Amino acid sequence: MPTLTYRDALNQALREEMQRDPDVFLMGEEVGVYQGAYKVSRGLLDEFGPMRVVDTPITELGFAGVGVGAAMVGLRPVIEFMTWNFALLAMDQLVNSAAKMRYMSGGQVGVPAVFRGPGGAALQLGAQHSQAFESYYAHIPGLIVVAPATPADAKGLLKSAIRDDNPVVFIEGEMLYNTKGEVPEGEHMIPLGQAEIKRSGSDVTVICHSKTVTLALKAAEQLAGEGVEAEVVDLRTIRPMDTDTVLESVVRTHRCVVAEEGWPFAGVGAQVVDTIQREVFDELDAPVIRVTGADVPMPYNKFLERAAKVDPGKIVAAVNQVLYREDEA
Amino acid sequence: MPTLTYRDALNQALREEMQRDPDVFLMGEEVGVYQGAYKVSRGLLDEFGPMRVVDTPITELGFAGVGVGAAMVGLRPVIEFMTWNFALLAMDQLVNSAAKMRYMSGGQVGVPAVFRGPGGAALQLGAQHSQAFESYYAHIPGLIVVAPATPADAKGLLKSAIRDDNPVVFIEGEMLYNTKGEVPEGEHMIPLGQAEIKRSGSDVTVICHSKTVTLALKAAEQLAGEGVEAEVVDLRTIRPMDTDTVLESVVRTHRCVVAEEGWPFAGVGAQVVDTIQREVFDELDAPVIRVTGADVPMPYNKFLERAAKVDPGKIVAAVNQVLYREDEA
Amino acid sequence: MATTVPTPARPRPRGGLDPDRADVYRDWLRQMLLIRHFEEKAGEAYSLGKIGGFCHLYIGQEAVAVGSLAALNRDDYITCSYREHGHALARGIGARTVMAELFGKAPGGSKGKGGSMHLFDASLGFLGGHGIVGAHIPLATGMAFAAKYRKTSQVAVCYFGEAAVNNGAFHEALNMAALWKLPAIYICENNRYGMGTALERASAIYDISERAYSYDMPNEVVDGQDVLIMHAAMERAVERARTDKVPTLLEVRTYRFMGHSMSDPIHGHYRTKEEVEDQRKRDPIAVWSQRLIAEGLLDEAGVKALDKEVIREVEDAYQFAEQAPEPEPDELYRDVYAEEKRET
Amino acid sequence: MATTVPTPARPRPRGGLDPDRADVYRDWLRQMLLIRHFEEKAGEAYSLGKIGGFCHLYIGQEAVAVGSLAALNRDDYITCSYREHGHALARGIGARTVMAELFGKAPGGSKGKGGSMHLFDASLGFLGGHGIVGAHIPLATGMAFAAKYRKTSQVAVCYFGEAAVNNGAFHEALNMAALWKLPAIYICENNRYGMGTALERASAIYDISERAYSYDMPNEVVDGQDVLIMHAAMERAVERARTDKVPTLLEVRTYRFMGHSMSDPIHGHYRTKEEVEDQRKRDPIAVWSQRLIAEGLLDEAGVKALDKEVIREVEDAYQFAEQAPEPEPDELYRDVYAEEKRET
């Protein structure tokens, strides 16, 4: 199987879907001539031309709305936000137009659009450019929210997202674009709504998504060295959440840690905790502990930024806590 | 003590603060000539004139930014959103400008502004006009989020919000404007960050805010008739959350229900549950159960809408569940 | 022996009216009357609590929807604000279907889940009914983009009020439409007020149409109280869109005879009784029926007949909506997501 | 016996330069040189990994910040985009403070927590450094509103790029400023590109200044490569704001000599090497130093001396930033909320 970067896996998914379906087009800032701010769309303008790879003015609200409108009449837009930080400007179009159109029209008009771009903090981009908004979109009935952690998942999930008839919020890991992994060629589809156990273990469950999967796997390695077998569950799709996979794992391990890049208050992890304690309360041998980004705007200074971010050490510490191994932490 | 409507209590708080501090002004759509879409600002234009009661074009992003800019140089704007549904258009200004300015400037520039307006569903306003976004703002470090349930709290909390040096998101209950209650005259201040036990009881804790407080109190009445004493905790301020009051109550009752008008996924209640199970896990005799709005866009039809909304019956059912009284439910 | 008695001179038709189109002209009047009576009935039903939520009547602006929509083809796309009952009827959605939606009943266009502000009929390209001011303008730009993308001759028409013109969505959407040469027609129904705010208290310029120069976009100021003038301007805009592939901004001067919504008085803090009465003198229905009579294309009796006809139609719609069933309880959870996937 | 030798004709000063202001003119050159060397050093430090994140250099646009800021008072308000190092220096923030912020060090203007895109100095009315395109334009409108509210003679100045002009925030903010007659000056630094997108691929009109007519706002097109022209235009705008209380939109034609940010090549997919070299012929520093020399207000040696001076200043700033301490770890949780309440 060929090894690709997460970036190229996304590029491949876009290319394949655009080749397959003439209704699929890509629109956003710098996706064409510039080849993509993060080069995810490299080469697509040359292959598909300016009508299907469309550079836009800096108008997140406007071009998100253009995507919704085009989808309402049957096209399959893939709308790129240069980063999800800027998509706050388009929030109204995603929440009030895309998510509600089918319902408000009594099922007559759907919005088969994908809204994609990088989320999460990169390196020293400061407060306005280092945010993770998964929980905002996952809060909304009518939206599907996906956040792949590996190149293979990135390709398989993006292809599924493009073929899905619902508006899909597809959040890529800004720090994952250069990560490499094996990616099946051609028709590689991963159904939306399915979590995956990225590493199995019997002592504790670590639930995560996107970049925190990488961190959780590192933490699991270290813990294995200490004789603790952590099961790493990658949500992959945040909404609808694959609660079966999550709960089955927790029922096996009886202990759980939930990690995410974003802020703690009402984050995705809070919903995971709510679900677990409600559904399998009696199976828990310890409270579920969350690991999140620090509850502050992201600082620019690299040491402060490091301290604000989730890292394997913080996940290990949380695991030790749910295992009551504080001593060793 | 005079009895006022929630609407007039807010009007009184605005008037008193504008009389007290010449830097305080009110800006928004229809706040002046029209006397406020919900008449909260009735009479203020006449008393304070058009420079301090400012009608704006329909530009939520723009006038929210105007408020932030004015606050950056020391004025104390009160920015009214006709409803919080429309504030999605201003999300970027609240999240990226208001909440982060102090931090990004290393403490040099604060944003002492209040953003206020009605939230939650009213009656048959449909999907785009019936939403509760508390969790969105409470997710953001740098913001304070307040949601009063009674006329007295509305006045006391708005006065505190206006005097606070941080950006405050002040969410009024659209269905509460006509509710009446005793309101202390003059200098009646309620500190931000303090929950209040609106009814005490020993069998179960019901945590709620804004309109759900009214519903919880009704539910508590009914339960009392069945011999169940429910303690009703009104968060009042969502962020920072008064976890002490919440936890102390749960430690007394060992059972808890959390109610909110909004959608379930990553709502305010999810954060409350996360906090409770983490901090007082061993005190819980049952999982915490949440009561939320149905996980759908709000339908227009009145019967469907009723079914989608939280009501006392749903809270009673949840209480029965945490008390393992399903039989009786 | 025959005496020649001079026959009274038949009034000479003023320019513009083509006798061969008499049926079309009469149908415009019928549509305007239908909207007028429908809205009056809706207001009545609202007062009786049969219609809930917000209800924004179109009374006074009928000529805009009727005159402009008459210039479109069946496969064109239409998006409106929440003040869209008139557009829905003029586009040909049945009065029963619209009234049932206002009542929130199952046979309503949106199964009673959308309501007054969210009328849809995909089969007629009638794509809402949107409640967030300005938010549907980019949607229309997207539909025009789709027409260009598919190389069809469709046009996308967007109706919005003059207050929406100050919103960022308007600016972003029109710039893209002009930049990309999309077949879009933006119809600003300038009824002088956005709720209680007069145009000049919200916009730095009085002539909305001039906003088009920021996008080098063709534009016109149109008298929205004369259905014939409205129709002619729309035909020019449609021609530009279909043939020259350029968008147009039409500023249509009209007036809202009723309050902003049913919960707003007709005149109050923001406008006087006198102003409203003065404006009512140019009632689009009177303007047009008098014109048709003056041109001899219709007589008083004919007008009365049309009036009767539509009153019956509205009565029928009302009864239908009254008796129509409520949606099934399980509709609450339907239509949130697509039921089955599109074939791939 | 004396012979009269004709002295070589001293070049007659072209209009515009006032010999009495020679010191001011020389200082403008010094400021432009300071910005140029500062930015070159910043680029160097970035390549060495001493500066992180995004770093947007101002090289090529120096005359805009220097010429315009020279027309302001100390109590005026200034907001910028993320490309604001030059404005910060021209406003008088010390090179040490700015460089330390770029390094993320404790003595940086924002304690190292803001970085290159978020420079602030409240004491100079320098209110950021904002990273969301267009978002700071309403902030400036708000500051102008505050000046009017307090009846001061302050003006609020906002710098943004030509790509921001298509954003809804620009439209909403300028309409309000014109509607309310606020003392605001909107300076669009038209450097031809927004990242890799040429002006004409993002805006339906080429002349940004014409957008002002949508708001009936005074406007000018200004040559941003000539500091004297920039300054004169700004003085007119400031006069309008302070005296007539009306806002102005200045479209300043300039050019970005470097890539969009340090991670973007100088020329690439979106512009050619030739174009950049051609534009570099109108380097604002060369234009101004040659002018001063031609006018006899400075000589080559004088220019060299200024150059040396600022190189020393930049070196010193670099050393300072290098040696400056990192912020204390507990700074992570400081400045999220106000520490103590304002007296009431």
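For reference, chains read A, B, C and D in written order, and residue numbers begin at 1 within each chain.
In this text, contacts are C-beta pairs under 8 Å (C-beta built on N, C-alpha and C of every residue); 3 or more make two chains touch, one makes a residue touch a chain.
Just so it is clear, the model here is predicted, and its values are computed rather than measured.
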item: Interface with more contacting C-beta pairs, comparing B-D to B-C; value: B-D
item: Of all other chains, the one whose Cα centre sits farthest from chain A; value: C
item: Inter-centroid spacing, chain C versus chain A (mean Cα positions, whole Å); value: 42
item: Distance from chain C to chain B - Cα centre to Cα centre, in angstrom; value: 38
item: Chain centre separation (chain A, chain B; CA means) in Å; value: 30
item: Residue list for chain B, restricted to those that touch at least two other chains; value: 56-57, 59, 61-62, 85, 89, 92, 96, 103-104, 126-128, 141-142, 295-297, 299
item: Interface hub residues of chain D, defined as touching at least two other chains; value: 110, 112-114, 118, 130-132, 166-169, 172, 175, 179, 201-203, 336
item: Interface residues, chain B side, partner chain C - complex; value: 29-30, 33-35, 37, 55-59, 61-62, 85-86, 89, 123-129, 294-297, 299-304, 307-308
item: For the chain B and chain D complex, residues of the former touching the latter; value: 20-21, 25, 51, 56-57, 59, 61-75, 77, 92-93, 96-97, 101-110, 112, 141-142, 144, 163-166
item: Residue numbers on chain C that touch chain D, as the complex places them; value: 166-172, 174-175, 178-179, 201-205, 210-211, 213-217
item: Residues of chain A that touch chain B when the two form their complex; value: 61, 85, 88-89, 91-92, 95-96, 99-100, 103-104, 126-128, 131, 135-136, 138-142, 239, 262-271, 273-274, 277-279, 281, 284, 286-290, 295-297, 299
item: Complex interface listing, chain C residues touching chain A; value: 77, 79, 108-114, 118, 120-122, 127-132, 135-143, 145-146, 148-149, 156, 168-169, 172-173, 175-176, 179, 334-338, 341-342, 344
